[in-house]
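Got a structure for you, questions after.
The first chain written gets the first letter, and so on, giving A, B, C and D; residue counts start at 1 in each chain.
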Amino acid sequence: MELKSKIKAKILENTKLSEDVFSMWIEAGSMAGEARTGQFVSLYVNDGSKLLPRPISICEIDRENGRLRLVYRVVGEGTKAFSKLLPNVDSIEAVGSLGKGFPVDKTGDSVLLFGGGIGIPPLLEAVKELKKNGKKAVVVLGFRNKDTFLVEDFRKYAEVIIATDDGSLGCRGTVIDAANEIKAAEKYGITDIFSCGPMPMLRGVKEYGESRGLPTYISLEERMACGIGVCLGCVCETKEVDHHSNVNNTRVCKDGPVFLSTEVVI
Amino acid sequence: MGNMSVEIAGVKLKNPVMTASGTFGSGAEFMDYIDLSLLGGLTTKGVSDVPWKGNPTPRVAETASGMLNAIGLQNPGIDVFIKRDLEKLRGIDTVVMANVCGHTTEEYVEVVKRLADNDVVKLLEINISCPNVKAGGITFGTNPDAAFEVTKAIKKYAKQPVIMKLTPNVTDITELAKACEAGGADGLSLINTLTGMKIDIHKRKFALANKTGGLSGPAVKPVAIRMVYQVRKAVNLPIIGMGGIMTGEDAVEFLMAGATAVSVGTANFNNPAASVHVVKGIEEYMSKYGISDINELIGCVE
Amino acid sequence: MGNMSVEIAGVKLKNPVMTASGTFGSGAEFMDYIDLSLLGGLTTKGVSDVPWKGNPTPRVAETASGMLNAIGLQNPGIDVFIKRDLEKLRGIDTVVMANVCGHTTEEYVEVVKRLADNDVVKLLEINISCPNVKAGGITFGTNPDAAFEVTKAIKKYAKQPVIMKLTPNVTDITELAKACEAGGADGLSLINTLTGMKIDIHKRKFALANKTGGLSGPAVKPVAIRMVYQVRKAVNLPIIGMGGIMTGEDAVEFLMAGATAVSVGTANFNNPAASVHVVKGIEEYMSKYGISDINELIGCVE
Amino acid sequence: MELKSKIKAKILENTKLSEDVFSMWIEAGSMAGEARTGQFVSLYVNDGSKLLPRPISICEIDRENGRLRLVYRVVGEGTKAFSKLLPNVDSIEAVGSLGKGFPVDKTGDSVLLFGGGIGIPPLLEAVKELKKNGKKAVVVLGFRNKDTFLVEDFRKYAEVIIATDDGSLGCRGTVIDAANEIKAAEKYGITDIFSCGPMPMLRGVKEYGESRGLPTYISLEERMACGIGVCLGCVCETKEVDHHSNVNNTRVCKDGPVFLSTEVVI
């Protein structure tokens, strides 16, 4: 068996998408070949004082060329350092791909995807793969304002509905408001829901999906130390006793980040 | 290549590099990343008599050259640990040390009894020093009398050598070391984490739900080296040194300070293969300086 | 801009940023690099009754996100300090805190008496915690009874408010804090350095001639924040917080933990203007969050 | 009064001179204008875990263009990081110029300079300035072997004598052996001695100079934390009570690194 290892991935592209959101393509070799939609990679900062990984979801997978796209928001010193890396000059250390992603192979015909803010990127690979599997994807994207990102990328594969907090673009309000406005689940004969975004949104999505009896997959975030399931730093409470931990806690990094909404307590 | 094997309380390790409890899961999780048989040994996550749920999240936070954790010793309990986790390690050619936690002497003893006849476990490490458990735990670690008593109680039932793991959050660690020695300990592990705190000034909240957590990583290495040196001068027990080991050179520093073996902890989060890199780094050091037996290095700085 | 001034034991600082003893010379040395009047205050290097020569070199070593020092309190003695060093600070619009060291209660008292009528000095900081002095010093700092006694003795002669500076190398820092409060202290400074050690594995020698030294810098910040928080809950004295402050954000973290003022130490070695940058960083934080009075931040995290 | 401050200096050149010795030119602005021969600058590593300065002597001063040349040996992680900096892309943080240098203005007519290993670079600016002041300079340079550096630079301004430990170039032995072999002090009517290098060499030079009654200036090294005279980390023992410290210790960073050999105990 081939061992997984930390790689030094060349930066192929690193461009600004909106005020504080950047898109990076890295040369990831076999890591890209094995990557699954909804998984994440652990990126490391090139600074001896910053030891822990920055988990970043996989936004697009180019398996043939061994490349991964990562879209990230600059929120702290680590992501700031990432935004300064120069394509074709710099490299970044990465471990991955990690976790369990969206079950793109197991859904029904028509999937509704809710993405909020920096939770949007991982849904892009999901809609691509859903489309490849011959399924319909409808995406509701929530932004703070009209300073959006990735919208055109989504339009290539799915119908896109936009909600903004300030109403400067699309529907004013939450992604749930936007979905309700057009009765999305009913209109598109939705069979499954995928979602990634801030916790209040995920709670709304959980309610939206469960109240309609739809399998609802949500991607969670938690502070991580290892990213590989060994430190128990990143747990989320579970309804039932977790298979691994033998208590009502599951590891977001290893058993998630994507969970069926009915399994976890959020 | 020179001899790298060392002995801790009669147990031979092929090299002095182990992994630190709580940073290495139950060991098996690392099989995707490294060949476990390259390690001198590994230490499993603290296990208690019944499953523990641990603390609320956030449980971890990054700090300068280190991190804070307040996992709260979440573990599946001794039953699942023995039946499932230890079985995964059976047959792997490395020394398994089981780390034991509890709130009371009885709880420690219960776990030790259950492990007594398990032949996968070759060493017991008793965590009397976790700062994240409110009852019991920490008082054993800071009070010499309590440390003496719990060591004695455990020794009555333990069939494997007993390594007592000490906390650095004390005025004089040699008092604790001596108490454990008097209680019959076969070795000492040090250091556990230093109690610390971080505040998120933007959210005006503690970074950890538990408020305080344990500081580990290279930040604490100077404190760990000092304590290993002090303890080595105070007792006649083998020491497993840890605290901030990232490289083979860091490990050699612990050996020179007086540790017989070392554990790699936080570094596993920086690179899942860190422990194996530490082994290789020691090898390089030995060949660079033509050291024929690693035991020459142990405590060589006076 | 919001109000940045705070009060320590009746002494008003224009902002909460001071500098840490031993990292700022006698103050005047920094006039080439910063405008001292931008600081809330400055603390001079520990001074004793007679000149002290300090330890042999090497006295300093770098560690991950920190450093070790074993200067051994070299100082020119109280005579030269008063006649030469303090005179250079006369007229500068910042609060001067004189840091006092000694081996015995008598030595501390002697220095305090000599400073009693000096009008340049507005605050006294009593270092009962330096780990680098073999006799006296360290025992005061780790023993509550001794800390109480020395505080009481000093208070009898001191004319300036007395800030007792505590060591982090103890099991329970609140005991020491309470002892100083009972002895009449007007405030507390914390933390001094954590005792550490580094070995040069290539030379097989201690990195410091003194073997052990004091660890400072960002590496220790989580320990310092924890102790400031603990002490604030235990006593009713103003706290000057320090340990690893590099930026305004670090300073705000100390204020939120419960410090009324902060001292910038090791950061001065990374950048001679660090203390002024900390002042600016706090200003930026306040204006970003629209804070009208810095006192709102003090201890705001519960 | 203009305050001194930490600058971010652009790397103009960073080339390898020998196996582990590199030469760097930095854009130092007014720092170069004020620099004196024998002073040093504090260089900082661009890594949050390394806080302390790396003191590096000034090898050449180009006052007109505001540039400084620094020649350094890769011995640890900091100097290794320096060696990877890219000219015209990277910058380096620096404080300086620091300390007291060689008294090029106060010597007699003929100066003998002893340099050993990585102590050689600061002597280059010294010989340049001595020559400019119309004085004669004779340089004895000691290397481990024939993998030398800066020799041609020195030849432009001074007579150069070489000693190597292994005899692979010049005189086999120490710089003192080489000087003795040709009776240098006598032959050149030497009036003063400057020296920089490892401690055993400096002890030899001190003896060589003092036994001949020559003013002998030696540049010392000590572990530093501040580099600006405030931490008392870098002291050297003195014969007399030091003016600043009021004990028999003087600060290498502030009152040195160059001292008259008769002042210090080495």
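Assorted remarks:
The rule is short, and it goes like this: a residue touches a chain if its C-beta (ideal position, glycine included) is under 8 Å from a C-beta of that chain, and two chains touch if they have at least 3 such contacts.
Predicted, not measured: the structure shown is a model, and the values here were computed from it.
Common neighbours of chain C and chain D (chains touching each): A, B.
Looking at chain B and chain D, the chains that touch each of them are A, C. The chain pair with the larger count of C-beta pairs in contact, out of A-C and A-B, is A-B.
The geometric centre of chain A is 47 Å away from that of chain C, both derived from CA atoms. Distance from the chain A centre to the chain D centre is 56 Å, each centre being the mean of its Cα atoms. Averaged Cα coordinates give chain A a centre that lies 35 Å from the centre of chain B. Once the centre of each chain is set as its mean CA position, chain B and chain C turn out to be 34 Å apart. In chain D, the residues that touch at least two other chains are 48-50.
For chain B, residues touching at least two other chains, in rising order: 64-66, 217-218.
Taken as a graph of touching chains, this assembly is complete, with every chain in contact with every other. Chain contact summary for the complex, chain B toward chain C: residues 63-66, 68, 142, 169-171, 194-199, 201, 204-206, 211-213, 215, 217-223, 225-226, 229, 244, 249, 252-253, 256-257, 285, 300-301. Those residues of chain A whose C-beta lies close enough to touch chain B in the complex are 3-6, 44, 48-53, 95, 222-236, 244-249, 254. Residues 47-50 of chain D are the ones touching chain A in the complex. Within the complex formed with chain A, the chain C residues making contact are 64-65, 218. In the complex of the two chains, the chain C residues touching chain D come out as 22-25, 29-30, 32-35, 45, 51-54, 57-62, 64-67, 69, 71, 74, 76-77, 80, 217-218, 266-273.
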